[in-house]
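Both complexes shown next keep chain A, but they swap its partner, so chain B is in the first and chain C is in the second.
Moving on, here comes the complex of A and B:
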């Protein structure tokens, strides 16, 4: 990992690792600063990869984190491929190890959902919970890949930035949370009716004479759901990744001062954190699934006048 | 925090993944698993029932065996009695037969004896007659007929 030190300070190393690979549009007239210091003025709007933080902020909203999209979609596709294959080759008499593993996960999710989600009519919630659990778990597990293992060779190949853990990208966690929130609203309105839904956010919890207060409380309560979902996962994984980066950086930058002992210490710290992080990785995936199921259950609850 | 269009891309990806899982992964897996659970339940029930049946069958076979034994004993007894009866019958028949044969043989013998006596008597008289004839003819020639008669009688006695 020490190879990354060439020409970079510790804080540059950190910020480099915390920057996604962005593909977006630079406007005409933008002055690109090349690596050798020369300035290139763009003649027209250009879709390109961002090579610096300034370029990223210049690209604005219509830009894509290519690394997040690539790793998340690859992992999600792998998950679905493996599970679909296990479903297709399902054998009652001779289950393969893969099948047993898949069954174990499906059974686990099914039991969890059945324990929480009481509306048996809705068939979407359980498969969604499975998707969330396995997909988020796979993405979180990317955190256990040593921090420079993929980005460093990629940089040598000319990829300016690379974040391999999709769940450390707020875009991904927010996308999941907003999708879940959208479904929450959809199912709420479907099960309570539009009028019932309006009633549930206006006549609750203080009664009709306190309508504005009710609306305020309920809206805060409602908006807190996607926000907490998105930020919890993002924060946990971002912090975990940050610790790995700090340990790796400490090894890389302190090695020259204090010798090999710091290196060994750093490796041990990294290992210890990785082992502890396994817990967080699984737990966060489970929590996301669990809360999604709880919200779906709330959406199906009938409105009751208190 | 840099929210950008990645958010939309991820929402689409998530939607597609959930849809795929909902349509093509979850239902076949769950139905297969439930089906197997049912199968196992049924299998356990069946094995329990068949175990019961085995016990019943064992009892049944014991009963049948006992019945067969008693029947066999009865048959044996019957056969013994029958054979004794047959033996007795044949014995009595044989005795009867023997008596009949012996009786007839005796009758035959008696008849023979009578016949013999008769023929003897006949012989005797003819002898007497011939002796008489001889005597008579000798009387004519000599008078020693007494001697001749004695002779004949002696012959006869012999």
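Moving on, here comes the complex of A and C:
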């Protein structure tokens, strides 16, 4: 298969692009292979960046995905900054384009939440929905940045791996889903009371005589929520990124006739997929927001004996 | 080794095909019901559309994951 400029094969190119930049601790006595092939034995535990897949698996649990953290926090800060600026420069007479755009988004989220969240009064839900929607949308939109535009210059500067789409990292989507799940539990217990919460997971749906079955059904139902939330976002974005990578990896960097033709074909394919992907990107952000609101609504529902 | 490689391709092919069947049936049912509902009550269109997109997104998700994993199986693993 075609090799890129750094002489990687197709599948090496793919797995290189699917690897996060990991910062973690290598244990003492680990034999580190340098770029020139020499082996260096670490004398004590070292915190460092991983330069190969083996080093990543050696780092175990306490490994930080620096690129995911960097891009997600940067995008979150950008979102807060832009929205705060639009709110600060608010004017009734002369609304700027930015202000109109922000108002449109806020209105959209507000209407969606009003339509879904009906069981109680809670002023936290709509802002949370807005935050989730815009933040996830911004992170998803990083998928439309050409796959080599940021990682390749970074590699020339000495960054071994770089994944620019934070939502293609399951750690981030799982963290988001777990936060939502934590809020779900918190609001459930707050609105029903602890006893009411216990009742709602033990006395439903078959009545008190089937307590173990009720508990089992409710627990599975409950655990499926964060799991499906995290995996849906991750899987969609991961698959989308994978297809972009396949198209990019298909292109041979050769100035021959067939090389140029494949290049043009790759560009067209990339463009087509990007246009289709705009739908997925927005839809997944919307679904994440929508399901969060639905779960919050469920959390506030009063327990009723059926 | 040869057989293992062949089975990998068969597996990936099955993943693509089954994902396409599932998503096709799901999206087809959803769209046809949406058209039926709008034809019956055109004034409800604005309310139906967000729910429709939500449903399409939910239908779309699992097959997309399957396709991504199939590509992973084919080219990376």
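Quick notes on this structure:
The working rule: the second predicted complex is superposed on the first by the 292 of 306 C-alpha atoms of A that agree within 3 Å, B and C clash if a C-alpha of one lies under 4 Å from a C-alpha of the other, contacts with A are read in each partner's own complex, and residues count from 1 in each chain.
Note that in this section a contact is a pair of C-beta atoms (placed from the backbone, for glycine too) under 8 Å apart; a residue touches a chain by one contact, two chains touch by 3 or more.
Keep in mind the model is a prediction, meaning the values are calculated, not measured.
In the three-chain model built by superposing on chain A, chain B and chain C fit together without any clash.
When the two complexes are overlaid on their common chain A, residue A:76 makes contact with chain B while staying clear of chain C.
In the superposed model, A:266 makes contact with neither chain B nor chain C.
Residue contacts after overlaying the shared chain place A:178 against chain B, while chain C stays out of touching range. When the two structures are aligned on the shared chain, A:64 is found in touch with chain B, with no touch to chain C. When the two structures are aligned on the shared chain, A:226 is found in touch with neither chain B nor chain C. Using the contact criterion defined above for the overlaid structures, shared-chain residue A:151 touches neither chain B nor chain C, since it reaches no partner.
By the touch criterion stated above, A:127 is placed in contact with chain B alone, chain C being left untouched.
When chain A is checked against chain B and against chain C, the one touching more of its residues turns out to be B. Taken over all C-alpha pairs, chain B and chain C come no nearer than 12 Å in the superposed arrangement.
Overlap of the chain B and chain C interfaces on chain A comprises no residues. Taken together, the chain A residues at the contact with chain C in this complex read 10-11, 14-15, 18, 112, 231-232, 235-236, 238-240, 242-243, 246, 280, 283-284, 286-287, 290.
The touching residues of chain B, counted against chain A in their complex, run 1-11, 13-15, 17-18, 20-22, 24-30, 32-33, 35-36, 39. Contacts from chain A toward chain B in the complex involve residues 20, 22, 24, 56-57, 59-65, 68-69, 72-73, 76, 79-80, 83-84, 86-88, 90, 92, 102-103, 106-107, 110, 123-124, 126-128, 130-131, 135, 169-172, 174-176, 178-179.
Here chain C touches chain A in the complex through residues 50, 53-54, 56-58, 60-62, 64-65, 67-69, 71-72, 75-76, going by the rule given at the top.
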